[in-house]
Structure formats: structure tokens, C-alpha cells
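By letter and in written order, the chains are A, B and C; residue numbering begins at 1 in each of them.
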Amino acid sequence: MIKKQRLLFLFILSIALFFILAACNKDTQSESEGSGNAEGENKASEGEASGDKILVFGRGADSIQLDPSKVTDGESIYVTNQIYDTLVRYEEESTEVKPALATEWKVSEDGKVWTFQLRDDVKFHDGNDFTAEDVVFNFERWTTSAEFVYYGYMFGASEDNMKGIIEKVEATGDYEVTFTLSEPNAPFLYTLAMPPFGIASSKAVEEHGEDYFKNPVGTGPFTFEEWLPDDKITLKKNPDYFGEPANVDQVVFRVIPDNGARFMELQAGSIDLMMGLNPQDIATAEGDDNLQIIRRPSMNVSYMAMNTDKEGPLADKLVRQAVNLAIDKEQLISLYEGIGKAAKNPIPPSLWGFNDDVEDYGYDVEEAKALLAEAGYADGFEITLYTFANPRPYMPQPKVTAQAIQEMLKEVNIKVKIVENDWDSHLDATENGKHDMAFLGWTGDNGDPDNFMYVLLDKDNAKMGSAGNIAFYKSDEVHDLLKEAQVEMDQEKRTALYMKAQEIIHDDAPWFPIAHTTPPLAAKKSIVNYVPHPTGSEPFNLLDIQE
Amino acid sequence: MAIQPNPVTDPGIDAVDKNVQIKGQRLWVDALTRIIKSKTSLIGLCIILLLIITAIFAPIIATHSTTDQSIVNRYQPPSSEHILGTDELGRDIFSRIVYGTRISIQIGVISVGISLVIGVLLGGLAGYFGRWVDQIIMRIIDIMMAFPSILLAIALVAVLGKSLTNAMIAVGLVGIPQFARIVRATVLSVKETEYIEAARSIGAKHRRILFQHVLPNSLAPIIVQATLGIGTAILDAAGLSFLGLGAQPPTPEWGAMLSDGRAALQTAPWVVAFPGLAIFLVVLGFNLFGDGLRDALDPRLKR
Amino acid sequence: MAKYIIRRLMMLIPVLLGVSIITFSLIHLIPGDPARSMLGEKASETQLELLREELGLNDPYMVQYGRFMGKVLTGDLGESIQSKEDISYELMQKLPATMELAVFAMTIAIVIGILAGVIAAVKQYSWFDNISMTGALFGVSMPIFWLGLMMIWIFSVTFNILPPSGRITTGVELDTITNFYLLDSILTWNWVAFKDVFLHLLMPGIALATIPMAIIARMTRSSMLEVMRQDYIRTANAKGLKRHLIIFQHALKNAFLPVLTVIGLQFGLLLGGAVLTETIFSWPGVGRYVLLAVLGRDYPIVQATILIIATLFVLINLITDILYKYFDPRIKFN
């Protein structure tokens, strides 16, 4: 009996003790801070000694895979862009290309044979030499499965023709590689600069097999160090980088899902640079002496696609035009809090080929009603609008934007039901045409209009199940123009073709184009030489932290 | 979330079964007097009445429509035009909260209704028939109680699909064990009393005994649990909506409003603050009143 | 005592069995084809068939369940659909974060809750009693996600004194041994890290502690009042024993038992409440993990996580039951 009492008492005591201990620890710690915390300084001085400059980059979601050839999400590409190099890279601020793994290149008269001279002084992070064989290995690997999504998109590969337009890739020397195309392809060189076509170490790919996506080995300015899923990815500087070696020693990509929380971390100083800023917080950041806003040049579009393929009102061009007229775009754009400009075409105005003569529909409820009446829908109808939960660079507030449109369309008796999914499910649903209307957007990959128009609005890409064209817009006229532009090598002629296509698209109104944004990034003032690239990601080797 | 006193270990409810024999109206009259005398439960009652009145007269009380937007006027701080300010689409927060009372009541009634009907049925059967019926039902209840409730609710919504209706169903299912256990305990204690014995001896049917004699005597603790349960249900459903698993736009559900306002926490904190305050007040009301009821129906615990 | 524990453990078997059946059946409750809703509509028929084969969806129910349990018992919780990562491994990475937060919150709840409850009971009807019990009532009515956001607004946004998210500032070095960061920082005498980790724990800890603290305080108070009314306390009082001795050595000791049960129960519920707290404070734990899985329809993760948490919950309740029996002077074993 007595024993039991004591035990009980001990139990309570130990709980109390634990707390007191914790409290004491805190006391001693704050005291020792004042009197020169030996332990702490040890740690700190270790850090100092190695002079580690750590860049902590905050973002909203984790990478899916670190094998760039298999992914399309920006979060994965952002990291792999540090680890891999492509044959050519984009210039710092434009989509013009400059040498990278390839030093020079030439193209045959008919535009079908491309020969690249490669650097002979490059090693992969695993120590193996980079040779022409590695390039061949990568390109052949990408033709083995439909998993290599971008290869399919960019080179027109399909299930019957896994190679697409690239007939052959050969090592014509230790450091020379030759591509033979089945037809000329105007954007080919620019496409090769896209991060998904980063060259991986063939040895590493073979060694890791299925697990390669979490053991990436490239030639880039940073080497892969550690990946804690949903938490952080750590990269270390590659001191042997063939280009400009990195200024920072480590880059940590930290996942902080909520935009607001991420910004607070930046304010508190625990991260250095962040993407995905709530537009509401821009003013706060600009008013903060320690922070700066860096704007990424605009090369994107956000839109609401209308499913032209589904039976129902939206199959009728008049209805789609009416929807365009019934939404007050200026009001809608104000939800972008100054980071967006109203869109009227599928391609952004910064791109060549943009047709400024196209006149946007404008906001006119009466005319919208008239068109609906003409189409036989004077009493309106019910319709779904698919949207996604988390903000994207081209659409900072999808949920709010959807609600705004819902309310505006009520004016013309169109009753909108909002269906919100997380990003992956949204893509699944829209690629399969589950929606009547759906939000989506696109950030340009290679600075070619083809990369917008063909991917998003050609009938080739309106395939159920893997549609890039989620309006399922199938215009033969547009298709012919876009196809012709692909094989035409003369840019002036191509411009004319794209101009014409934009006019037709405007009239058919498969989309309600919303905006082109300049996505803001927020950073500490100490971050210098950081130049965001219009394509949405860039290597961090030039970036520096100034103390 | 759903973290409320376990009725089985709670002396208040244990005690209730001992006095269920205090029959008839006296109990209720006594209880009523006690509630009116107790300041806290009176406050609770007032909050609940206010909630109900607001819900009924929402169209009169609300100053604006819940969906009318004015994007230019988004994130307005509280003013004479918009008492509680405006949200991300320039909608009037006060009016949305006012209409939100209807949704809260709906959540409370439907969720608790589900828990109550199924819980009472299961508990009643287990307590009345005993033996293997009891064994089976109580094991099922044990298993249900092995899941932290919010987690079970999330899993159910994950399976059923996210919507306010499914959130209410999930919250309702999760609340079943509480009722089942209370009812079983009271039924057990009532079952052996003389008048039930008498009813049985004159050959009354099981169903008749159960519904006409046993259950009415378990009413007091059920009412207490239902009152407290409504508070919990509102809290849980708001949590699910906050996580994006409950009410979908443009429903002015408080948890969803709060979640939508998060983006502007720094610039327009009132968008988050007021819906949260509303949830808090209403739940507090049900807790105060439920506590008061419990004390009132159990003279032994009278302070 | 040993006999009691064994008997109690035996009683656990049917409960855990039931828990596993429910968790397992979840996947079968999904309307339509589970393989389809996991892979999305773009999956080809071959991929679907592969997944069905992999999940064994073509086998009879009991066979499927048997295989599921066989795997679970060997520690294999399956693979995530999205990341293809081993779920047991991922859970082991995230569980310490959640447990640390839960233990921290529970410590706050127990210490403050019991203290407040005892004082409120001893000084019944005093201002302290009134204030602390009103506070407790506010506590049980609190939407903790709102409380969390308000704390962030006050302490992170307005005063900038507490970190709004995460477990540790990136760049603060800490050698991990147990993955309980607070413990690790003590073990390695790393005070810089200790302070940082402690500050990170504070807001989520308090948010998570609110409800259990309130319940423990109320329980302690009513339990203490009950005990103090009893004869032996009155006798002790009459005998003129020192008051604090009576309160702490006699009254609290007996009043503690029902409180103990509540503590066990609340600790388990904390694991569920962590979903909200972890979401608000970007805490890299199990709660956020399961929520992301729910939103991304990664059902194997949902299944595995719920199974693990429910098992933990059951075990915690078992431990409290055993402690209860052990400390209860009235209960004889055998």
C-alpha cells in the first residue's frame, strides 16, 4: 500500500520535474547566452570557419521526382535545373540560347540534320566523364516509355511512334553528336535548352534503376545532397562546375505549404528567398526595409477553357462568346493585385507572333444575353467550373477567381457549380474532359509561340486522357496553320501564320483568356544577382548573398 | 476537435443514471428552475436562442446578400457600411456570418441526429438484451472509439468525397459511441427496476418496453449529451471545412470562410478573426448550456 | 498484476483486429473502382490491371485482408502511390515530429491543468476558481485552428517574437539522434538549437494543449472536490494535519485516478488534433502527411497512418488503464 502511494507520488513528481527541468534548461540557456555560450559559439564558429553561405529557398510544395525528363511540375524542374545541364542553355534574361554542354552546332540546309560539338572537360557529379555516348543514352532512354512526358510533347512522340520527329541520335565522335529529324522543326534548338532535357549520367541511371529519381546525377552547378520528403531538399555547390561556379555553398529548398506562413518566415529571416507570394503581401514586402520584390518577366497565360467537345451549351460558339462577354475581365484582374495584365490571346505579348490587332470581347452583359438568346439559352443553364486548390504563378487566387466568375455569370442566368480539386486531381479530371469549364495556365518553356499554340490549342493535343488542349478545340484550319508554322524555318513567315491562327481562335472562343502575370518573388535585400528567367526556373550559380 | 469529456469517466454522467428513477415531471420542473438560477447556463441558453433567432430572421438581420461581390471593395476594414468588413471578393462578412448560422444549425442538428438515432438504438439494444447482443455491439463501439475522432472523420470524408453533406455524415458517425455508451448504461440501471419487471411479467413486447418505458427514462443524459454534442459537431465540421474537406464555395460556412481568409492574415486579419469568433461563441453557448443542464438534471452534483 | 496485464493485452486483440478490418475496408468503400480513383482517369487499362494485381483487388476479400495483415505484422505498410516511397520509412521520419509536439503539448496541459484544477478546488468559489474555470470553458469551446492563426497573427506578424512555422530554423545545426529535436539538443548540449526548437514548439504546443488542458483542469477540480468531501479528509482536517499535506498527499493522490484516465484519452485525441495544428504551423509531422494523402487520394498512406495512430491510441489507453489499476488502492488483483 505504502509502496503504491509512493509510486503515484513519484509519477506526479516526475511530470512536474520534467516541466521544471525544461524551464530550467531555458533559464541556463538564456543566461549562458549572455555569458558567452560556449557550446553555441562552437557550433557557430564551425559554420563560420567553413564560410558556408546557405541559401534557403521557400516554396509551396515538394518536388515529385528529381528526374526532370519525367515531370512537368515547376517544383521538380526548379531543383533539377540546378543539378543538370542541357546541351544549350537560355540566356540569363531571354529565351535566346547560348552554349552549355555543347560548344557549337550547325544545321543542314534542309533543316533536318543537327550536329553538336560537345565540351570535353565535363565530369558528372559521380566522377564519370561526360561524352557523346551519354547524350545518345539519354535521348534513347526518353523514347522507351510514355513516362517521359516532355519528350512526347515537344517532339511529337506517340504510342505508335515513340521517337517522334527525332529519327536518329548518333555519337559521331567522342564529343560530337548528330540528330537526324524526320522533318524540319523550327524551335528544335530552343527546345533542347529546356530543363527536362537535362543530361543525366548514364552510369547513375543504370545503377539506380527505379530509384534514380531520388538519386539524381548531372553536371550542373549543384550536386544533390539530401531529400526529406515534404520538408526539404539540400544541394551542395559543385566546385568543379564547368561554367561559373556557384557563389553559395548550399541551397536548401524548404516546403512551407501556406503562402502566408512562407512570407512570415521570410519576414522573420529564416528563409532568404521565396516564390508563391500572396499578392496581398506584396505591399507589405515593399514596405519592409529588409525585403525586396523581384518580378519574373512575364511569359505565361491563365485561362478558363470551355469544353467544346462535350454535348451541351458550350459546344455552341455563340455561348462561348457570350461567356467571354459576360465576365468583367478588368474586375477579375484586380484580384491579381497588380501582378497581372488582361489577356486576349493565348500567347503573351512579350512573345514574337503576338497579334495585337485582335480586339478583346469586352464586358457587355446585354450583348451576352442577346447571344445566349440567339443560341436558345435565354433561360440559362447549369454548368461546372473546375478549379484547383493551390495558387499557381499564373493564377494567384484560383478559388476566389472562380467564385468571382460564378457570381458574374449569374447575371446572364448561367449557374456555375465550382468543383475544386487538388492540383494532380485537377489535371487528371481536365485532361479527361470531365469539366464544362476549367481553369488552367501555361508558362512558356522555350519562348516559341508553337509552345503555347500547338500544345494548348491544336487538335493533336486534344486527346482524351492526356490533353494539353483541355478545351478539346478541334479546328482543322488552326491545325493546318500551326503545322505549317512548325516546319517553316523563316520567322517572318511563321509570324504571319500565328497571327492568322490567333484570329480564328479569338472568333471560335474556346477559351476565356484571363491574364498574363509577372509572378513576384520576395527576397531578403542581401540577395544579389538573382535574375528570374521567364521560363519559370533558372540556375542559382550567379546568385550571391551579400552580408 | 471532438475532444470532449468522455462520458464514461465523467462523474456527472455516471451520477445521472443513479437518479433516473426520480420519475416524471418533478425532475424537469426542478431542472428548469435550476437552469434559470444558474447564471452560466442562462448565458448559454441566451447564446443558443440568439443563434436560432439569427438563423430564422437572417434575411432581415443581414445587411447585404451573402454572394453579392464588389471586387473593388475587397478587404475593407469594419466600417458603418460593413460592420465586420469585407472579404476577398468584397462580400459583407457580417451578412455571411448571419447566414452561416443556418448552416451551423443544420450541421449541429443533422450530425447529432445521426449520432443520436444510431447511438440510442445500438446502446438501447445492447443494454436491454444484454448477453451476446451486448457483447457484439459494445465491441464494435470499442473499435470505433479506438480511432481519434477527427482522424476517423477525415478518413470517412476521404472515402465519401468532400462536401458539406459528407462532412456532416462523418461527424455524425464519429459521435455514435458517446450516445451508445450513455444509453446502454442508463438502460442497464433502469432495466432492473420494478415497473419494468412488472411490464415484462404481464407479457409486454420487447419493443414496447424498450420504447415506452426504458428509453424515456434515459432521456435526461441523452439530452445533455446531445446539447454538448451539437457544439462538438459544429467545431468538427468547421475544422473539416477549414481543411477544405467540408463546405464548398460559395457556402458561407464559418470554417470555410476562415480558411479562405488565410491569405490575407497580414493585411486583413478581420476576415479570419470574425468567423472564428462566431464558431467560438456558438460552441461556448452549447457547452455552457449543456453543463448547466447536466448540473440541473443531477441534484447530487449541485454546487 | 502480471495476470491483469496479460488479460488486458488479450482483450486488446479483438479491438486491434477490428481496427485493422475497418482501416483495411476503407479502400473498398471508395465508390467505383479504387484503382481508377487512385491512378486517375489517365491511367491505361494495363496500368490499372497492374495496380489491381499489386493491391490484390482481384482476390477474395478475406484473402486480401489476410495478405494485408501479413504485411502489416512484418512492418510493411505498403508503398505511396505518388512518391513510390516506402510508407513505413516515411512514417518513421514523421512520427517523431508529431510525438514531440504531442508530448510537449500534453506536458503543458497536464502541469497547468492539474495545478489549476487543484487550486480551483481548494479555493472553491474564489476568484481563481471562477477565472480558471471560465478559462477552461473557453478552452473546450475553442476552434484550435482559429486560435493558431490568431496566435500567428499576434506573435509572428505583429510582434515577430515567435517563428510561425516549422520545427527548426534552417541553418541551425543539430545532430539528430532520436529525431525528437528537443531531446537531441539536450543530449548534445546544443543550447542554440534548444532555444530555437523550444521557440518553434511553443505556439503549436499551446494550440494543441488548449483543449486537453481545459478538460484536465475541470476534471481535476471536480475530482478533488469529490474526494475532499469524503470522511477521511475531514478526519485528517479535524486531526489538524497540515493543509498542503492533506491536499497533496491524501486528496490529490485519490483525485488523480480519474484524471489519469482523461489524460490517456486526451493524449490519443491529440494525435488526431495534430492534423489541424500541423497544417497551420507547417509542422512536418504525421498529421500533415495524412492530410496531403487525403487531398491527393494516396489511399495506402491514409490507411497506414490511420492504422498506426489508432494502434498508438489503443496502446496509450492500455497504459493508462494499467496505471489506473496499479495506483488504485481499492482494486485487488487476481
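The rule is short, and it goes like this: a residue touches a chain if its C-beta (ideal position, glycine included) is under 8 Å from a C-beta of that chain, and two chains touch if they have at least 3 such contacts.
Just so you know, these numbers come straight off a predicted model, no measurement behind them.
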- Query: Which chain would you call central, comparing Cα centres to the global Cα centre?
  - Reply: C
- If you tally contacting C-beta pairs, which pair wins, A-B or B-C? B-C
- Note on the structure: Chain-centre distance (mean CA atoms) for chain A and chain C, in whole Å, is 37
- Roughly how many whole angstrom separate the Cα centroids of chain A and chain B? 45
- Message: How many angstrom lie between the centres of chain B and chain C, each centre taken as the mean Cα position?
- Response: 23
- Item | Multi-partner residues of chain C (at least 2 other chains) | 152, 157, 279, 295, 297
- Message: For chain B, give me the residues that contact two or more of the other chains.
- Response: 244, 262, 265-266
- Which positions in chain A touch two or more other chains at once? 258, 264, 389
- Message: Considering only the defined contacts, which chain B positions touch chain C in the complex?
- Response: 1-6, 9-12, 40, 139-140, 142-143, 146-152, 154-155, 157-161, 231, 235, 238-239, 242-245, 255, 258, 262, 265-266, 269, 272-273, 275-277, 279-280, 283-284, 287-288, 291, 301
- Given the complex, residues on chain A that touch chain B span 258-260, 263-264, 278, 280-281, 283-284, 331-332, 334-335, 389, 397, 399-400, 402-404, 406-407, 410, 418, 420
- Message: Which stretch or stretches of chain C touch chain A in the complex?
- Response: 40-42, 82-85, 90, 93, 107-108, 110-111, 114, 152, 156-157, 160, 163-166, 169-171, 173, 182, 186, 189-195, 198, 249, 252-253, 256, 279-282, 284, 288-289, 292, 295-297, 323, 326-327, 329
- Item | chain C - residues contacting chain B, complex | 14-16, 18-19, 22, 26, 29-31, 137-138, 140-147, 149-150, 152-153, 157, 211-212, 215, 218-219, 222-223, 226, 258, 261-262, 265-266, 268-273, 275-276, 279, 290-291, 294-295, 297, 299, 302, 306, 309-310, 313-314
- State the interface residues of chain A toward chain C in the complex, per the touch definition above. 1, 4-5, 7-9, 11-12, 15-16, 18-19, 22, 25-26, 28-30, 32-33, 37, 39-40, 43-44, 46-47, 54, 56, 64, 210, 228-232, 252, 254-258, 261-262, 264-265, 267-268, 270-271, 389, 422, 424-425, 427-429, 431-432, 434, 465-466
